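Quick notes on the structure that follows.
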Amino acid sequence: MYFWKPSAMPVLSVICDSSEDRARTGRDRYGYKDYVFDWKDLVKRDDVDLVDVGTPNFLHKDVSIAAMRNGKHVYCEKPLALNAKEAKEMLDEARKRRVVHAVGYNNRCLPAVVMAKNLIEEGHIGEVINCRAEYLQDWAISPLVPMEWRLDKKAAGSGALGDIGSHAIDLARFLVGEFEEVLAVSRTLVKERPISELSMLGGGKVSGKDVSGRREKVGVDDSVEFLARFEDGAAGLFHASRFSHGRKNTLAFEIYGSKGSLVFSSESMCELRFYSTGDAEGLQGFKTIKMGRQHPYGEAFWPLADSGMGYADLKSIEISALMDAISGKGKVSADFEDGYRAMLICDAVIESADTKEWVAIQKGD
Amino acid sequence: MYFWKPSAMPVLSVICDSSEDRARTGRDRYGYKDYVFDWKDLVKRDDVDLVDVGTPNFLHKDVSIAAMRNGKHVYCEKPLALNAKEAKEMLDEARKRRVVHAVGYNNRCLPAVVMAKNLIEEGHIGEVINCRAEYLQDWAISPLVPMEWRLDKKAAGSGALGDIGSHAIDLARFLVGEFEEVLAVSRTLVKERPISELSMLGGGKVSGKDVSGRREKVGVDDSVEFLARFEDGAAGLFHASRFSHGRKNTLAFEIYGSKGSLVFSSESMCELRFYSTGDAEGLQGFKTIKMGRQHPYGEAFWPLADSGMGYADLKSIEISALMDAISGKGKVSADFEDGYRAMLICDAVIESADTKEWVAIQKGD
Amino acid sequence: MYFWKPSAMPVLSVICDSSEDRARTGRDRYGYKDYVFDWKDLVKRDDVDLVDVGTPNFLHKDVSIAAMRNGKHVYCEKPLALNAKEAKEMLDEARKRRVVHAVGYNNRCLPAVVMAKNLIEEGHIGEVINCRAEYLQDWAISPLVPMEWRLDKKAAGSGALGDIGSHAIDLARFLVGEFEEVLAVSRTLVKERPISELSMLGGGKVSGKDVSGRREKVGVDDSVEFLARFEDGAAGLFHASRFSHGRKNTLAFEIYGSKGSLVFSSESMCELRFYSTGDAEGLQGFKTIKMGRQHPYGEAFWPLADSGMGYADLKSIEISALMDAISGKGKVSADFEDGYRAMLICDAVIESADTKEWVAIQKGD
Amino acid sequence: MYFWKPSAMPVLSVICDSSEDRARTGRDRYGYKDYVFDWKDLVKRDDVDLVDVGTPNFLHKDVSIAAMRNGKHVYCEKPLALNAKEAKEMLDEARKRRVVHAVGYNNRCLPAVVMAKNLIEEGHIGEVINCRAEYLQDWAISPLVPMEWRLDKKAAGSGALGDIGSHAIDLARFLVGEFEEVLAVSRTLVKERPISELSMLGGGKVSGKDVSGRREKVGVDDSVEFLARFEDGAAGLFHASRFSHGRKNTLAFEIYGSKGSLVFSSESMCELRFYSTGDAEGLQGFKTIKMGRQHPYGEAFWPLADSGMGYADLKSIEISALMDAISGKGKVSADFEDGYRAMLICDAVIESADTKEWVAIQKGD
């Protein structure tokens, strides 16, 4: 319990998995009180106040809306839905029901990212000129990597774009501002995949042999590059790919402003690199700032900087903000409006890749 | 619960703190069932099987021995005791009582460190020629940092040497082998400190002013450098310091062997740098290997590499091994013998700094 | 004299500068035999075999063509001309006259770049999927930086694009192959500049005050971002900017292929980072290869790797190739055809920024 | 000619090599007017004002003293002599003859090193607490690397210690101050080497096979580690080795002071890393400062930072200072007194490795 005292204390009530076996194991492993195997049962339960929607993307809308209709708060994984239209329905429902709604753009919670946000807002880098952001992985390169829902357009909506690129999009919105228009190149590099008894291991490793010989068409993008213009005049370069050998899970950005620059990579998750023209001449250079006690959330985590941060730690920040929001004492890190706006941008990226034209981002509402 | 199914499931029974207020808060915050404020009560309780000794160093021996005499398993923080003599008593008791005994040299659990160990054992770097290891911090540089038990010889035994240097010593024993002799320079750089209403913040920052004007002599080392010879002929360069500006919490080593080299720094905790003469000529270079699913403990943590690792994650590895040991299915990461041998080396370092002569490490038994 | 014995020995005959004073100083400082102050005199001289055209861009064509018409070999700075049309005239002349013609894309000579080329050609990274390349500087950010020819469209043709972006374009052609089409965002961020007694110092520092108050419109781009498709199917992300604080002179690329990746930055000019799926599982990672004796040109430079490389060293490689070409024993690093093709791409980038549409690269001939 | 106008213009008069063939090639390759093959002829010549002594170490004394007796200025390679006694004779002669005397500790000329010196002198890091310095190479690890003068005690005096370690010692003297005492571990790791038709390539690679079977004992150290105390109370950790795989030619230091820290490695020769407690809280971190126009010697080299620096560039700084000294307008980078004091420290290191006791550095005079 890093954040003490919490504004609300989460209780693990019910876990849901369509496989009873997995549901029961989940209950035991993570300490839930009960399990179900139909999400429709879960969203109605009296002992549930908050539903954490961690399903494949195609179910986000139905589960979230059902939960909200039952008066539950909802935390939904990203991307918020298969497309902006669905996301808008979810947002509308959330607004109507006045429940707390959060979307899992957890990288906004990274201390170094929050520090970047603060430095920008305080004017440390002046006006933003460029933003380059990327989220690169390499697990899908082998054509032997079998079909799974993340590679299936019906289940996922898009590929690298929604799954990881939307994190980069969300951070750019968070740090730089709203997008004006985008133009993209999108490619499906491995066009069909085995339907498979093969089980996928980490990093794109595949065990066993593909004995079935059956193949399914991959509908989603493996790699997307796009240019963006922001409303305030900045320009953006984005790249999301599951085909970048050596990049295991790298979310990175470089933001150049009129007075300084900020560089971040999740490969060094607790560091922010900052170049400031406020430094004395001859003493200017990128400074590597290690997140520690005096940085965002630092008191909760680290008596000393350079003590590391794991995925669970990051999640605990997100959950702490969620508890604050439910208690009426704060805001979630990213809400359904953020989720919806990211989907508007994703939809525009997909359209521009098809039409080969600049596509303006819908203003939403 | 990263490691599933665990060989034993820890239950948080009783927490102890000399302050009732802190004890109660601890119980609530971390979810213990009960609290006490005298450790003598804790070590006797029937609902306690394992005692985690996280007191200041001077209490390690008494608490651990009392716990073992009551048949409890013991996990004791490092350094194991104030000196090797005390540590030997603890080890003797542990052997006599046949309980599980562990010492908190948790850096042995780091996936990159375990991978280094494996590479060395498999001969990837040949015979070790040199080992440089350091543990550097900077929190104690300000003379305003007030006295606390870590700066008090009676409570801590030594300063940077035992507190952090012993981690570097332990890793050198783990990776390279036993020490033959050492020669050290040891300095107390700030010779007295305020006894203080001041409260210490992270990174050596101090809030408020020192109004009392009272000072106490600092008895422990702030910075220790030493040379070592290993039994197998390797040479070592060590440095432990709380006075290294910019190094917040850096445990690092470089090991050069006859066939390759290994470089590690906790500043990039999930990376191991490996130079191999086995690589083709012209293609040799330090390779940065990111810990992922196929590396030690990786399956428990990461679907993808580069997902970070926090202090709590590291602890969970240590505890998993401890549960295995208690269940008779494995070994602790480091036991009281490791704790004792590290103390023998620390004692020799202190002696050699005093006498300015090489001091052979006692063979122990 | 790194390359011994050279195929031809350059003799410094005549230096030309429109200012007699500078011409004379140049002669003395660099050891030329004579000086002139009209380039028309230089290109005719009998004691000149090779003309090095280091003028502002708008003169490249006239000087080069005149030199070639007098039978001289020509080494011309990049970009080859103000636009592709001019460049084509130069190339046509060169072909007609059968002289040696070289353009100053000297980064092709970097040992690490040549090594990258070799690794790609030998199949080490498989098929190229993505290429990101950038050339970033920060000297022009201050609005006090006065007008100079590099900021003047008539004299320079374009701004960051031709001056530095064309290096990135040339390396992408060298390493990945021909471009198919581009789409760009181009911006002039400081729209007018002082005409000025101010003298510009390094890194965008300006001494003195702008007393004149006169301003001139800046016609060229300060920052250009563009997407590219390559003929072989790869996609590219490019950025050229003089407005990237902290990037003093950074030419960098990342190339991701189906079997591995290559990463280079001029910030570590003598290193190439290489990720290979040919490495054993669990031992894969980016390897930092230090250019040394067994790498391209290494024997000429380094008894040991990690001995540094300066701009003059790089130039000596380029000149050595030029001497070889003149002696009929080799090829220049980049010739007028390379210069012309880079101009075709630059022209397409400019057009696409204007029309906001994808522009196909002319095939040239 | 980077430095213009030079205070004196060097003329390449006579080159000397014991092999006439090499002498003639050297003359042609480097543009000398004449050559000789006995150094005794060279030191007497009227057309020689300055003798550059680049022989194996055992000849430094005789050549230098003969040159000085003939009134020549002398630039002598490092280490200055086989031992401090010889070095003292050279220094005495230099003082008597009032010639300019320089020793090739050229790393003092590195812009980043000079900047470090300036920052320390201006108090930016406060009092120095620790200095760690190392010079590591890996060319000698293979037992097939044949005997050469650098491995022969009679010709070289010492091994890694004098050849490369003395650079680290010299920089520590330059940056931190005089040494008080040292204690060392020294090892000859490959105890005999082939006398050989084998020719040594870069990086310890050897071509051909050792057919002779003849072996010679290696008398010099391959790796030396030592502790030092400085006169002003700082402590030092040093390492010089030719057995550090992956370190091709790495001279590095870390200096920790009471107010900040400086980190340098020749692997990034034009960068200095600086941590300053003068930076605002929360914004402290190691800053990577790129050497550019406003840094030491920068105006001579770089219109823009990050343009690289080669060995020849570094040499040109050293020679510029030498020309200034000869012209009475400046001082050499390091003189025979520096050379002598480094030898005193080397001798103490050797003695302490033998006696296993701390050895005080002779005060010299």
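Couple of notes before you dig in:
Labels for the chains are A, B, C and D, by order of writing; each one numbers its residues from 1.
FYI, contacts are C-beta pairs under 8 Å (C-beta built on N, C-alpha and C of every residue); 3 or more make two chains touch, one makes a residue touch a chain.
All of these numbers come straight from a predicted model, not from anything done at the bench.
Within the contact network of the assembly, the step distance from chain A to chain C comes to 1.
When every chain is reduced to the mean of its CA atoms, the largest separation from chain B belongs to C. Centre-to-centre, using mean CA coordinates, chain A is 35 Å away from chain B. Chain geometry summary: the mean Cα position of chain A and that of chain D are 53 Å apart. Multi-chain contact residues of chain B (touching two or more other chains): 205, 247, 281, 284-286, 290, 294. Here chain C touches chain A in the complex through residues 125, 129-130, 132, 141, 183-185, 187, 189, 205, 223, 225-227, 229, 235-237, 239, 241, 243-247, 256-261, 263, 275, 277, 281, 284-286, 356-358, going by the rule given at the top. Chain A makes touch with chain B in their complex at residues 1, 4-5, 25, 29-31, 137, 139, 201-203, 205, 247-250, 266-269, 290, 292-294, 298-299, 301-314.
Contact residues on chain C toward chain B in their complex (touch as defined above): 274, 279, 281-290, 294-295.
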